[in-house]
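Two complexes, one shared chain (chain A), two partners (chain B, chain C).
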Partner chain A sequence: MDAASELGWWGVLIAVFGGAIRVSTPYLFVSLGETLTEKGGRVNLGLEGILVMGAMSGYATAVVTGEPWLGVLVAGCAGAALALLHALVCNLPRVNDIAVGISLFIFGTGLAFFLGKAFINPTAPRLPHIELGAWSTYPQIRSALEINVLFIIGAILAPVLAWSLKNTKWGLVLRTAGDSSEATLALGYNLNFVRTLGTVVGGFLSGVGGSFLSLYYPGSWNEGLSSGQGLMAVALVIFARWNPMHCFYVSLLFGGATAIGPALQTIGITSNYYLYGAAPYFLTLALLIYSSSTKHRLAGAPNEVSISR
Partner chain B sequence: MTKSPHSQAAPPDITVTNMTKRFGSLVALDEVSIHFKPGTVHALLGENGAGKSTLVKCMMGYYHADAGSISVDGTERRISNTRDAHRFGLGMVYQHFTLVPSMSVAENLVLGEEGLPAIINWKKKLSALEAFLDTMPFRLELDRTAASLAAGEKQKLEILKQLYLGSRFLILDEPTSVLTPDEADEVLGLMRQMADEDRISILLITHKLREVEAYASDVSVLRHGHLAGQGKVSAKSEASLIRWMIGRENVSKPAARKETKVVRTVLEVEGLTVNNDKGTVAVDQASLSVSSGEIVGIAGVSGNGQSEFVETLAGQRREEAGDIRVQGYPYSRTRAEMMDWHIHLLPEEPLNNGCVREMTVAENLAFRNFDREPNCRAGIFIDRGAIHRQARRLIERFNIKTQGPDARIETLSGGNIQRTVLARELSDNVRLLIVQNPCFGLDLKAVAEIRNRIIDARNKGAAVLLFSEDLDEILELSDRIAVIFEGKLVYETLASEADVHTIGRHMASHA
Partner chain C sequence: MSNTAFYRSLEAVVINSAAFILTLLAFGVFVSLFGVNPFDVYYILYLGGFATQISIESTLTQAAPLMLTALCTAIPARAGLLVIGGEGALVVGGVATVLVGVWLTDVPFAIGVPMMALAGAAAGGIWIGAAGALRQYRGVNETIATLLMNYIAIATMNHLVSGPMRDFDQVLKASSWSIPEHLMVGTLPGLDVHWGLATGIVVCVVLYVLMRRTTFGFGVDVLGGNQRAAQMAGLPINKMVILCCFMGGAAAGLAGTMEVIAVHGFASDSLVVGFGYAGILIAFLARQNPLAIILVAILLGGISASGGLLQRRFDLPDATTSVLQGMLFIIVLASNTLYGRMRFLQPKEA
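The block that comes next holds the complex of A and B.
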């Protein structure tokens, strides 16, 4: 009897837990970023492009310098730069943020594929993780409790952002911009500037989320890396009701859904593998239908965001 | 000059001299000079488009005046943005609220504070806010969200916000347009009291004479951008204020109300429940009936379900429950039914709800009958000539001021758009007419004319259902009056027995 069968269904649960933490990290960063963007009153659908661009630039930087954290920083800056492009275009009168977002999505992925061709083969150093499972003799538990550092940062970031939105001047001003453009103008703030800042910080976080894909899990750079996670994060923000703490929980839920297939594989259930692989997409669809119901109130939605109008 | 929040400084002495503002060739404000004495309620009276808003926007730094100056306590000041205005103690309470709906009262108050620290110590702030509220004539719970406040409370919060920010010269822009009569009395009464105590000055923008007489001590009247007159309110008769406002003594008399026999019920609504866009109940089990030859007026503060009610009757919104019957038959709001039963509709904001902006006046006039003889041949071919002829006839009959039948409807003024829609809806013989806020934003002459046409339709035997946020309009036009509050029809009375205060009380509560 090997360890896997000894644990039985517990093994599945543990694997789902470990997978949830691993897979949720990019969702967490992207959804936190999108929450900030939308709290300011804009939707950035270009997140997928930003995510892929972040993955590529982070990986490339790590390959060249051998320093994964520098890669994370560069990924964030690349994300911020793309988000700035989104924000500046949206600052022009009568520009639709959704349309700009979609073109940014295509532009970002295209640019990343073009610049990233050279980095498909070389191997970059991985981001570190912390072993919380050293006490256990089961390799499954040990591997499930390898908590990556970015996840911990994200887990700290979520309550910090939630607190900041309530307790800092910038949090209040950002929420004002997202909720009432008239109020923002009447208070004498520059609406476009506030929203630009929200979008850029959001882009930075999404870029960091991208670097996780290439530098930790799956941990390499290729063109199929993201598979729509940036777009799903937009749905996730709606489900999380624009609340950073909820983003954290919902990211874990999505991560867990993604991990179901591989986890079942560990105990030998391999049939319907691709069906399980589709779980997060079904979840996205179901959540969108649930939250778009005409009967169900979109409480917490910033008034100025075009999806809530 | 720095100012701590809610300092108890005296109200400033403000003088506006020769203020002029042009928009292209239009002179919106023509050498207007007014002195606002500290500690007074000064009314700025005028019709829509007379230049009231332009004047205060120049004072608040939204617009840059083309000429003229403003002085604060005897010193000439440049006010080039709202922050400058705040620095000199000027604050504006807007007609359309500028509260952030999802935020609490406390957050809304603190938001505009100058020098707000990067990190807010809420414990300290909340006790400071409580202390501030203790000095105010009214108070609100600090932890409620702005969205949950009633209209009157929102207005109070707007005022509190300005006072908290240290404004001692408050500009109130049409404050009563969203309030019930009792709320208006309360808010304006308290403002007057604070002014009498020399704590603040008030500039009250309004087009309602009643408010000027009840609350203001001084009045300035604007007409077409000119200062038509000013003086002490106590020294002026209502007639002279009207003459200043519209240039002559009186507007045309209301149309004679013919005795009509109420013969048969035309519209019956029973237990109608409708949701709003957010999926919460907007109209709650409303029942009413309208008979031929009567006007039933539905009074209520804006946003109590009127729009959803009208949209349902118009076929733009699906009901959740309830029956709508016309002449005893279920009415499912198809075009065929509307034509057969001669059902007509004058929605609010007709440019958005009853017109296609890019189409011409003639096309907009033909919406009800473009697919019928003689406008449509053999049921297929549109006869543009016939539509054109119909348009010329209606333009003539309803005095629509347009460059011609081929002008796009959006180039017309508000009053003429209203006349166009009215012409379309009333040209046919009308059995049921549903009207919402027909006179919103129109000048007195257009108001009188449109009200006359509605009375005229009633006299000819139409059943009229009138939704209006203007209580005076309801009282003037209706035979029966009902009040809508939070989607429920809470009170009904004959117009002959109507009492403004009873109606006002129902507009604010289920009581």
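The block that comes next holds the complex of A and C.
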């Protein structure tokens, strides 16, 4: 407590910085996942279910095998499997992807709570982090500079995905599927297959994001683990204008905004806690209202995504 | 009933029954993986949801808010919008109800209850109506806007009940002041189910008549089918869209009112239990038809109501019913693809 009061407002800033990195990691993975899904022309609102399922399966694997990284891999695969279900159902004509996403949200969280009941008590090994703050005598600075490895992976993945979407053949095919189904067919690709691939890879990333929640921060498995990061992904992608690099910045911004409330609590300011928590939603809605128009689509939006109209 | 209408209904009944049976099979396979006999589970689902007076009462209690939140998606959907803001509209309606109820301490029941219902419906209606207006005048996508507004509504309520509106006598969890005891509504005569059920059924029937049997409803269907045609016909598109959103939001707001005045007596996070999200799927299962919503809501209410019994009998987690509901939703949505594709279910050419 002494050190906290000593640092004062600097302490708050440092806590917001550390919190931004911690909280933004799941945001980063789900938003990259949703970007890939939407670039292919579909919306997956079921990422929330995938996230929770990823958190559960990752945790359970780590408890059983003692290997947190194996947990991350299993979480990704569980996410990919659920996303495949979404993709296959949406491949049928006249099926609404938003509604299927909400079903998957209910199904995924239900399944995770069902299977995860036995894993609420045991403790799993946590994912490692890298200490960048050993030079400091302040514990706050040290804890803020504990950078988790998944964040670093996500930070590398964002520019890689941005580059691949822009410059590789598969990136072009995926973007074509999202912008014009006719053009995709004209190029000789199977539209449903391309979209399925985008959705499944997106589901894998979201599952990995879920494993962060249970294996690093908060670092346990329980039914109140996710606070809607998966549903938020859809809004975040709009904020990031379907650009993976922007997903990185916006995740940090949202993470920082979410961390303001808890950071202020450390210096005894507890009022408006919930309103700070809702800051990302206010921000996104304001941005959406500001940048929408009845005359044109949102800049950067894939043409065939139902929510860009 | 005309030939076409008969075949349309037959098609819906056949496809939905097939989807329901397929869901039960899939769920049976799922539970048998955990060493439970699926036929025992089916029996318990029936016993816990529909077999006895008590189970029917608890089913109907669960179904009541779902009917109203489903309308929040179904009515705008007829005009071609996809609104997913039932959860937020319910919360906003609940908070408005508490504010009015606390303000009206001294008025008699016969005035206080309609005032609270009006407040809840107006709050929910304005909430979703605003999303409709944003779409019409600003081009803001209503699906995303209402999703974000859910979070904003829930956070605002949490803020209010943990600070400005907090009742500090309630120590177990943060909740708002309670409305006066004499303004709480009881149960329906002869049935241990609160008045929310009657409200839900009446609102569903009224909106069915409005959407299916009036010129306004016909205009909305034209708009939902083809916006360009509606424009050519000179329909007031903006007003119709906003009105549909308002009515849907008002129904969900009323669900919040009923949860407050018939169940909790105050606003708290007990209002946020997923009625809004389940309502979206009920609307889709009912193919946006308000009368079908009543039946689908009762079916899903039954599944939720049997959750406790499933847990006690087989030691299955309470999330079992979510798994079943999730399966049902996914399979029924997938079955949507069958409409118009089965030759024997199509109207015969004259």
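One rule holds for everything that comes next: the second predicted complex is superposed on the first by the 281 of 309 C-alpha atoms of A that agree within 3 Å, B and C clash if a C-alpha of one lies under 4 Å from a C-alpha of the other, contacts with A are read in each partner's own complex, and residues count from 1 in each chain.
We take it that contacts are C-beta pairs under 8 Å (C-beta built on N, C-alpha and C of every residue); 3 or more make two chains touch, one makes a residue touch a chain.
Predicted model, so just to flag it, every value in this text is computed and none were measured.
Undergrad: Is A:275 in contact with chain B, with chain C, with both, or with neither (first, second, both, neither)?
TA: Only chain C is touched by A:275; chain B is not.
Undergrad: Which partner chains sit in contact with A:111 here, chain B, chain C, both or neither? Use first/second/both/neither.
TA: The second partner, chain C, only.
Undergrad: Based on the superposed arrangement, let me know which partner A:9 touches: chain B (first), chain C (second), both, or neither?
TA: Neither partner.
Undergrad: Determine, under the contact definition given at the top, whether A:179 touches first (chain B), second (chain C), both, or neither.
TA: first
Undergrad: Answer with first, second, both or neither: which of chain B and chain C does A:135 touch in the superposed model?
TA: neither
Undergrad: Per the overlay, which chain contacts more chain A residues, chain B or chain C?
TA: C
Undergrad: Residue by residue on chain A, keep only those touching chain B in one complex and chain C in the other, then list them.
TA: Looking at chain A, the two contact sets intersect at 293-295.
Undergrad: Could you pull out which chain A residues touch chain C in their complex?
TA: 45, 49, 85, 89, 92-96, 98-100, 102-114, 117, 228, 231-232, 234-235, 238, 271-275, 277-278, 281-282, 284-285, 288-289, 292-295, 306-309
Undergrad: Would you mind writing out the residues of chain C in touch with chain A in their complex?
TA: 82, 84, 134, 136-141, 143-145, 147-149, 151-152, 154-156, 158-159, 162-163, 274, 277-278, 280-281, 284, 316-323, 325-327, 329-330, 333-334, 336-337, 339
Undergrad: Name, in rising order, each residue of chain B that touches chain A in their complex.
TA: These residues of chain B touch chain A: 81-83, 86, 92, 94, 96, 98-103, 107, 110-112, 116-120, 122, 275, 278-280.
Undergrad: Quick check: in the complex, which residue numbers of chain A touch chain B?
TA: Against chain B, the touching part of chain A is residues 166-170, 172-173, 175-176, 179-180, 182-183, 186-188, 293-298, 300, 302-303.
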